[in-house]
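Quick heads-up: structures coming right below.
Two complexes are shown next, each including subunit A; its partner changes from subunit B in the first to subunit C in the second.
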Partner chain A sequence: MGVEYIYPEFEVIRNENRCITCRVCERQCANEVHSYSPELGIMLADETKCVDCQRCVSLCPTHALKIAKSPCTYRENTNWQNDTIKEIYKQANSGGVLLSSMGNPKPFPVYWDKILINASQVTNPPIDPLREPMETRVFLGKKPEKIERDKKGNLVCKLPPQIELSMPVMFSAMSYGSISYNAHWSLARAATELGIAYNTGEGGLHEDFYAYGPNTIVQVASGRFGVHEDYLMAGAAIEIKMGQGAKPGIGGHLPGEKIVGDVSRTRMIPEGTDAISPAPHHDIYSIEDLRQLVYSLKEATEYKKPVIVKIAAVHNVALIASGIARSGADIIAIDGFRGGTGAAPTRIRDNVGIPIELALAAVDQRLRDEGIRNNVSIVAGGSIRSATDVIKAIALGADACYIATAALLALGCHLCRTCQSGKCNWGIATQRPDLTKRLNPDIGSARLVNLMTAWQHEIKEIIGGMGINSIEALKGNRLMLRGVGLTEKELEILGISHAGE
Partner chain B sequence: MKKEGQIRIPSGCAIAAVISKEGRRMSGEVVVNAMMPMHDRSNGLGGGFAGYGIYPEYKDFYALHLFFDNRTVRKDCEAFLKERFEIVKSEHIPTRQIPAITDEPIIWRYFVAPLSSVVTLMQVDEKEFVARTVMKINTELKGAYVFSSGKNMGAFKAVGFPEDIGVFYKLDEYEGYSWTGHGRYPTNTPGWWGGAHPFTLLDYSVVHNGEISSYDANRRFIEMFGYKCTLQTDTEVITYIMDYLIRRQGLTLAEAASVVAAPFWSTIERKTDPAEKEKLYFLRSMFPSLLVTGPFSIVLGFTGGLMALNDRLKLRSMVVGEKDDKVFIASEEAAIRVMEPDAENIWAPAGGEPVIVRVREGAI
Partner chain C sequence: MKRVYVNEEWCLACHLCEYNCAFANSGHSDMVLALKGKKLYPRIHVEGDEKISYAVSCRHCLDPLCVKSCIAGALSRKEGIIEVDQNKCVGCLTCVLVCPYGALAPNEDGIMQKCELCLKNSAGEPACVAGCPNKAIVYEEREVI
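Our next item is the complex of A and B:
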């Protein structure tokens, strides 16, 4: 029926003069866009299936391909934009909830891009990281209120459990299942080589990766998939996932097609069953319940592991964080509404939650106002895109940042935002063996190490320019930030002055 | 133009200090004269001194030095003080009228003892009580400013060149076993007396040369513990950090120094003594937000001693010299030579290496 037809979003543009009909594009496309016509002796394209993942473009040996946005659009309308109309058609066709992946693509303000960083001139010297030591090491965890001394008066040099990081960045939670074995392996190896941490997400920890335990954060989510004693003991820290920036208020969904072989074993659920995490933890209906789970996990791990509580940035995030800081948690991870996901209802991803910049600033200030900032470390995520985003987050008050989308990009992701299909041509968000083998973990981990090393260089150079030679002197140092084009209210919430002030 | 406290004003500076390890009292003139060869390190927009052992006759009382904008606020403040303290003496701080120092506020001092009933009611110790009262006046009582609050010590500061300020406050008529001095070179300031150094809380005083890049990280951390940084100056926040670490946390001076000017991780890792290594590692990871970066040289004065400290990269000059029972500290050797032409063992302490000098036990 014609009314169901939606014109494809993308056009495959093939330069016939360059195409040698090697059929690489055909073999590379899990969406089956490309095909060879023996009769015509040319390559054809079914553009209805194209997701613009750029795999064929990247691998075409003669650079004969490009993918362009289709110029065939509905009549221009500011209120009823093309995507809005298409979504209506899709829902009228299917009766279903719209699904999307990765972070919110809508044109909400990105505050990182409206914040500028300071540098030293004259009154105080910039410090040159090529010639002077420049430190980026951080410790995450609770700091006691008071020092203690033994009977002889010596300091008792004991802190509650901490995570030590060589730089204030960690790879955020992405479950084995939502991403591939090779993707997980790349993250684990890179985290170990870098001296940082990666996060299992809610899919459990594959037995091959226990070796990377000291650089692993093991997650406990509402579905409790893959959680057992050895798993908890394996990591450097335990994260309770209360929420996720891309989909606050709902749990993770992994379709049965991805629950195969080792994924099923690692999650401890039968093959082919959908892994639908409940929206709440059914043992946590209030803050006092959270406290019990925090201490249950601490008991189970003999108080050797810091416990992270991860929440989505929602309206009253500051109050929630204050409650968490008094709940025994060692670290709070806040995930902003632009954070990524392997699958989320589109409407939720695009409309629920608040920006991480505002959430982070509000939480940090609130905890300081209450004098409990030292009870917890703060990790900010969703979405941190560059070294300068990291610097701005630390200066607003974060102890460290979580990155996931940036890490996936390093692994080859081209942000086509169709992870939910399970047909990731880059071998990341898929479990199909023919696709997962495309991601070489030697190359993947090396690229992640490159990315983080590059960011570390940039961080050192920029904080050196501010006259700072250790990252801890940047934490919460909001005087180093200025806003441009922000309202009084936004500046007030961010706790920064406007440029020129 | 915004007044100091509403805006952060960076400044360069000159510092000088002297102490007698035997507790022998010296005229304040010694340190005032030391500022002269460093004239060009100040620009006439602030200076001051702190003397220890200067009020032997009132040594058991907190000496509160205050600036008042007008007579009304002095009356209000006195009424407030009477609710909390027994005031044993209240007087104008004597000054000499000289052309170089103008626009002075009302400069007053009180020798007071906290009312024990009020202290008990607040469930804090006496020092904490005094510290909180100082914070309260400085943040809530507009036009009143406590610039000195220790026992048997006092700060004297003003807008002007330090050598003139010494004359203005008649420091030649005071005698102390240790003195610190400061000349300020702010980049811009309408000139407020309270903004000058030394900055003090209880018997801690700090004179400082530098501009710390960690300022807001330090400020936002320390303000969690009841301190209010009303001036937005480095000196103020360093004083509070020292008070927090030494008085409230109970760290030793050397331990506090290794928090604010923490050794680099690589230095800590090279330490061969495991106990020292563990301790440095602990202190750095326990108090990361109190690491002070950027250039500074400070002299921390306290009852019975001085501590000089440079930032860990030694981005500001500071030299130390000795002669007999005296130890001299200054931004420049010239200043030491003025205090003692025959000073010996002049050396420049390494970045982050505290120089702690104490008066012999029992000498004061």
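Our next item is the complex of A and C:
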């Protein structure tokens, strides 16, 4: 109270005429906002605890609830905006680093929304995907530089290991621990049904999910949690996580409260200990060191698994990618600064890194210029929101996209951005058994399959409109893109022309 | 025959099934009109604690003890569904005593009412199933032991 008091961010608006005091809101709110007053016979709300996750709104059977942004504001000031002032108050109260979750919400330019897609007219007829076959399948991995023949003149068809995807989208890394067992299970089941891949993140692979191995990418991060021979052999590919778009340059910290039971066992660390992923890999200080880890992992898996190196999009991303493409890695994953996280320091999330669109275009161009583009496939992630974002990413040079926030939204996430509290009312970013059971994987996996199926239809429709019938023909096809409202420099980096040109 | 089954693993004890049940059997077209300010007499009940919970409604037994024990002949089995004839019920509660599932409860007038799978009301199919947010209650064909 007093100087420490911050007025609640949200208001719980209950239509008393509609409320039947069924108390579903109360039972479903892990933040304990709602309560029933027997004296008054009505529901009460403690708005100081509300995070606007919309669980109560979604479950209220009479639609009596809505959550609104509180109109209580400090005096208007363009420089000292309300959120800025509140953050100062919070830090003056606590003395701590501000924490946030999910992706950067600040009004930086979203280049996807300033890029438009081409379509065929007259001279190059569009293709109707309902009548003609369309190929959305892609293969990720090192591609041969030239055609080789044996002494008899037959083609040598031995390719380095590849990941086959039925469409150019994968579920990005989210660790078991940061998200729940049921969330992982949903992702694993959906990836298997769809013929794509999901990524374990750095928390190891729960023993129940080894069955989904052919559609699993196993991650090796700086904490090396849950990494052992069987784990490496279980997946379709191995990903070395060097960085994450939401928090480039820093590690991770999963608090001890979340290291319980199976999470502890899967991560191979004692219950209740904090799972701290260091900022660097302590054995990697150069491209040569990275090469050693790439080949250690290849050696351990008998050269059967492609190795992905995931980096955050930062200023020198093209140069770094060039090094990675020479390190023996098969795939580079680039994570843009709008990518999500289960927890990150707010200042880092909101200020560090660069947009994926620019990073992707720069990396693809650099690798082409150096003649090493075939050494690696490129996967772009960090807030891919729709089928058109996927198409634009592929036309800019990506071989496939990673999605995570979009996948979580399909599972029920309402982007309240308080994953770090561990009280996810949608049963995703929590380990509390009463909350994790709220995500029934039968529903979760079906919704993920729906989302990806919808995107696949849209991708076919849109590339068909361009007169293209396969993802391969779209890849790096920047002529299919035009910019609107972009500067010369932005267009130059994106490698696209302005609309009208 | 399709029956209502409960997967307790996914039951959240939100009690929405009870409200959807009472609404479906209320004869009203609006849940607010049906339930606001009224005591609830649902035909499905959520049992359990914070750790485990499940919704209980009539199992529509093949060999129903309630039908056998009804002194007024109000309970009967028709095409697999156990029905109650409220005009015959005398409110003796013998069925409540014998039901091994605790699935029966009287209405506000002390007359027995029970789950009849919403086949006779406006919902047309079990409202508890349709309204369950986590598919913890399902309406499906299973082999009855």
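General remarks:
Everything that follows uses one rule, which is that the second predicted complex is superposed on the first by the 500 of 501 C-alpha atoms of A that agree within 3 Å, B and C clash if a C-alpha of one lies under 4 Å from a C-alpha of the other, contacts with A are read in each partner's own complex, and residues count from 1 in each chain.
Methods note: a contact is a pair of C-beta atoms (placed from the backbone, for glycine too) under 8 Å apart; a residue touches a chain by one contact, two chains touch by 3 or more.
Worth saying up front: this structure is predicted, and the values here are computed from it rather than measured.
Contacts of A:R347 after superposition: neither subunit B nor subunit C is touched. Touch criterion met: A:I20 reaches subunit C, while subunit B stays clear of it. Of the two partner chains placed by the overlay, only subunit B lies in contact with A:G476; subunit C stays clear of it.
In the superposed three-chain model, the partner touching more residues of subunit A is B, compared with the other of subunit B and subunit C.
Legend: residue contacts after superposition of the two complexes on their common chain; A:K437 is shown touching subunit C, with no touch to subunit B.
Applying the stated contact rule after C-alpha superposition, one finds that A:R149 touches subunit B and leaves subunit C untouched. In the overlay built on the shared chain, the residue A:T62 is in contact with subunit C alone; subunit B does not reach it. Once chain A of one complex is fitted onto chain A of the other, the partner contacts of A:K106 are absent, as it touches neither subunit B nor subunit C.
Once chain A of one complex is fitted onto chain A of the other, the partner contacts of A:I127 are limited to subunit B, with no touch recorded for subunit C. No residue of subunit A lies at the contact with subunit B in one complex and also at the contact with subunit C in the other. Residues 17-20, 22-24, 27-28, 58-59, 61-62, 433-434, 437-438, 440, 442-443 of subunit A touch subunit C in their complex.
Those residues of subunit B that touch subunit A in the shared complex are 8, 10-12, 187, 210-218, 220-221, 223-225, 249-251, 255, 262, 264-266, 275, 278-279, 281-283, 285-289, 291-295, 312-313, 315. Residues of subunit C that touch subunit A in their complex: 9-16, 19-20, 23, 31-32, 35-37, 50-51, 131, 133-136. Those residues of subunit A lying in contact with subunit B across their complex are 120, 123-125, 127, 132-133, 135, 137-139, 143-144, 146-147, 149, 154-155, 157-159, 162, 368, 371, 373-374, 397, 466-470, 472-480.
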